[in-house]
Amino acid sequence: MQIGFIGLGAMGAAMAMNLFESGFKVQVFNRNPARTEPLRKAGATVAASPAQAADQSDVVFSMVADDTALVAVTLGETGILAGLKPGALHISLSTIGVDTAQDLTVRHRVAGSGFVSATVFGRPDAAAARKLFIMAAGADEHLKVAVPLLEHLGQSVGIVGADPSQANLVKLIGNFMLSVIIETLGEACAVAGKAGIDPEHLVGLLTNANFNAPPYKIYGPMIASQRFQPAGFALPLGQKDNRLMLAAAEALGVPLPLASLVRDRFLAVRAQGIGAEHDWSAMALCALSEAGVRAQPAEKP
Amino acid sequence: MQIGFIGLGAMGAAMAMNLFESGFKVQVFNRNPARTEPLRKAGATVAASPAQAADQSDVVFSMVADDTALVAVTLGETGILAGLKPGALHISLSTIGVDTAQDLTVRHRVAGSGFVSATVFGRPDAAAARKLFIMAAGADEHLKVAVPLLEHLGQSVGIVGADPSQANLVKLIGNFMLSVIIETLGEACAVAGKAGIDPEHLVGLLTNANFNAPPYKIYGPMIASQRFQPAGFALPLGQKDNRLMLAAAEALGVPLPLASLVRDRFLAVRAQGIGAEHDWSAMALCALSEAGVRAQPAEKP
Amino acid sequence: MQIGFIGLGAMGAAMAMNLFESGFKVQVFNRNPARTEPLRKAGATVAASPAQAADQSDVVFSMVADDTALVAVTLGETGILAGLKPGALHISLSTIGVDTAQDLTVRHRVAGSGFVSATVFGRPDAAAARKLFIMAAGADEHLKVAVPLLEHLGQSVGIVGADPSQANLVKLIGNFMLSVIIETLGEACAVAGKAGIDPEHLVGLLTNANFNAPPYKIYGPMIASQRFQPAGFALPLGQKDNRLMLAAAEALGVPLPLASLVRDRFLAVRAQGIGAEHDWSAMALCALSEAGVRAQPAEKP
Amino acid sequence: MQIGFIGLGAMGAAMAMNLFESGFKVQVFNRNPARTEPLRKAGATVAASPAQAADQSDVVFSMVADDTALVAVTLGETGILAGLKPGALHISLSTIGVDTAQDLTVRHRVAGSGFVSATVFGRPDAAAARKLFIMAAGADEHLKVAVPLLEHLGQSVGIVGADPSQANLVKLIGNFMLSVIIETLGEACAVAGKAGIDPEHLVGLLTNANFNAPPYKIYGPMIASQRFQPAGFALPLGQKDNRLMLAAAEALGVPLPLASLVRDRFLAVRAQGIGAEHDWSAMALCALSEAGVRAQPAEKP
């Protein structure tokens, strides 16, 4: 099977390499060609455009930064859809908005192609280790093709439903839940700190008890120690996903007080001079700052 | 070693039985004597008052419903302190306020007794199976006595600090974090439901991915199915702990927007006719109700 | 002076008539021509398009429903800008977003025309009685022309600044402040009602004391009596302005917890079946409903 | 008619003097006797205790700082109740909690005395100028006596109901509404400031339009200029009233999201080093601070 892969950021590069190492023929494209080198050296083909990566492929994966980037690599003269063979499949791995996914679903159907959203939970090291949790949604006939491929990329593939955008919504829900964990840990560490309990000790106690899921273990120590660099997932990306979640919920007519609080936290932390180079868990600085236990004064914006 | 045990609710009865079965001599007291029967039959002694349960014991455990109950069994003519031998130890297992713990710490010190707070995470089945997570705090000399005993009751004993009330604060923080998970799941299920994703399916997907900690697995299915009976932890108890957390944080000068939101949720769900017989996760009905996806109309208050 | 007037809703019709009665030559346009009749009968000219209303005018006013409508009547072949003479002035009275105002300001400058935002506080009866409060912003040279005209339309004209969009922001701030008053009154009436104080009596007491500004007097009785029809300002319009305010604040990097709360209230009240025919103060039903004192059960969505 | 007056703070002193100047025989008591001097010089009698001020009076007014102070001057051997003649009336002017008012109502009834709550809206200058807005509640027979006296103290006397605590609730509702105005103005000034509109100018525009009630005119300029000293109403008093409001609403089963937000604001502003010498409107610093437009860095706590 011939596979195209568009977007070789930290996540995409690891996933493309895994597909290549699983024995698939892989043709890659990345806007910045420097990032194609490792795959080229390993034996993958480098395409000059998304369309070229698509035109001999049975399946094209895309893993790009946001809605705008996905639309850019999908539509237009040199986009995936322009190259995709009739009946071929586009598996979108990016975290994008529900409305964009719905729009792309229609455009692929009209063009006679398939579209599957397969969103991923996990950081680059999990991608490299094929330990991602993947949530896929799309028509049965497309999932039949997609799921066996996705199983090369992660430790589990959950099927969300028949509408691709549902997988995007589940991804946004997941990131929403993570953002609330971040705020929760910020408030918890603020209380503990003022009561004379070292926040790092608190986090250790809790994650050794029933808060033993990865998000608490990953974000707890960062927040307790107030160290938010290097960014595993950058502040503006977290803010973007919060925005997408609020937009999706608004379109569905669902108020989300927790997401609204997180929205205000993102705006506040950035207004206080915390820049894009910080991990999104830096949002917890708001709770620490309000309680007067922030480690150092805000840098000036 | 002679042990007293005051308070034989579902949690206390299981813990007292475990101590007895571990070979300790156990003398129990419960306000409602009917609940002492199983322990009496097993071979434990039944005391007529907390003081009597204390007066030949090296260590007295207490596990009661709230601050008022703990003060009632501890102080007064027939209370634990009245019976406790000089140098003996009171290990308080109850979820109580920080201020009550601080007050009792002083009173025990004045009386020449020891006081340790050892709070427990887990439900009655975990108590029976010695699977509790326990957080202990107190003076080193008292912990030296307490920890080996507590190890008979749970799967881990974390040491919080030297001030007993810190273990109570960690318990309140833990319940605060659980309450936020409940609200988060309510909002997530509301969004999913309106997007055509069965909330039970959503919960399954998430808890099979990175939200695989017990709280998500316990509360997720209850909230997704909107089934809140029987109550594992009753609504008024959750509301009480929220109140204690807000009071502790206020005394420390820490704003907790998430706990404030939860506070309002508790008031709202009860004002809409959801009674004390429901699990505290029924708080999630607020998010579901606001989104118009609550399964059945509220009963009248 | 020749004046064009685009948009003859309840507000626009009253303002256009006032200009006509003040002695100006007025040429009007409305998408639905039936609404031009009263002005035509009075002696005003009816144009076939915004461009035609503009092409002999020194000043064109526009008063339309939202950003989309304003863009539609301003741009395009038959839009205001296509007809406007070099040096002529467009005074935009509509409640629109800051970004739209900024965009239109640039487009008018490029076209050699003037653009002033003059936003209005007050309902149709105030418009008819020339009792509006008007906030104007724009270049000095344009305000010199605009302000004397605006003085025919209201009881005061405040100058916000040199950038037209600032007047739009002040309007959005004003509506934001009104929305918070609505929520405040909802919460106040909920408390009073459950304490046995008739909410209508409460509102009377407060508005006879220091809460004697129009918003309390207008919205207080509606909320206290839970009567939200007919709509003075319809629910979807209030929701739109909340959205515009949040967008403007986000672009400026300002968290607005109160506007976020109002956002969730709008979503909730609509999800519970309160439709577009209600006044935006129906948002207060959320607070009443949460407290269990809503007069009648929600209609089904 | 013989009148006793307990509590000669800035408010009480002005009111006692007005009663004296209206021709009543007035006997005053204040914990700190220095503050009785002006009244003594004017011709009023100074009592050695609340009981003594009460024992020859037909009506005793009290105006003290909080619930604790009112209980202290009312109960006990030298308290008002100990001195009050059968059938005499205690008019409580203080801002206190609903539960304290309910308790005192019962105690007076049992003692054969009358109890009226008459809460006041206005600052010391309004008290001196007899411009207070007064809200009175109590049994008809007691109001018959109280209202004509209260009319000497303010510009209007509203009758809330037959239960004295209802007047206390209305006062708390009023202060709750003021606290929301403060937060609203903070958020509005943050947005305006970042959009290049001088917040003081914004406040001028709004209070000249439909936000022309005293609270906007009083707090607007303070918040816009970020000047919170001297305190007209000190931060801890505002915080106390917020606490009383939340307690009253909780007892009634009413969630108050706005009061919860204000609660967190009070905690945050104090945790950031703003002390008791500031006006309660300094709470608006939170919104300004979050937006990055706070004038000067927080002093250290």
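Per-chain numbering from 1; labels A, B, C and D assigned in written order.
One rule holds in what follows: a residue touches a chain if its C-beta (ideal position, glycine included) is under 8 Å from a C-beta of that chain, and two chains touch if they have at least 3 such contacts.
Keep in mind that what you see is a predicted model, and the values were worked out from it rather than measured.
> More C-beta pairs touching across which pair, A-B or A-D?
A-B
> Among the chains, which one keeps its Cα centre farthest from the Cα centre of subunit A?
Computed centres place D farthest from subunit A.
> Same or different for subunit B and subunit C, when you check if over half of the residue numbers at their contact belong to both copies?
Mostly the same residues form this interface, as more than half of the numbers used are common to both chains.
> So how far apart, in whole Å, are subunit A and subunit B when each is placed at the average of its C-alpha atoms?
37
> Taking each chain's centre as its mean C-alpha position, how far apart are subunit A and subunit D in Å?
Here subunit A and subunit D have centroids separated by 53 Å.
> Tell me, which residues of subunit C touch at least two other chains?
Where subunit C meets two or more other chains at a single residue, that happens at 249, 253-257, 261, 264, 267-268, 271, 290-292, 301.
> Taking the complex as given, what residues does subunit B use to touch subunit C?
Answer in residue numbers: 264, 267-268, 271-273, 286, 290-292, 297, 301.
> If you look only at subunit C, which of its residues touch subunit D in the complex?
Of all residues in subunit C, those touching subunit D are 98, 121-122, 133, 135, 156, 158, 160-161, 163, 166, 169-170, 173-174, 176-177, 180, 183-184, 187-188, 190-192, 194-197, 201-202, 204-206, 208-216, 248-249, 252-259, 261, 287, 290-292.
> Give the list of subunit A residues in touch with subunit C in this complex.
249-250, 253-257, 260-261, 263-265, 267-268, 270-271
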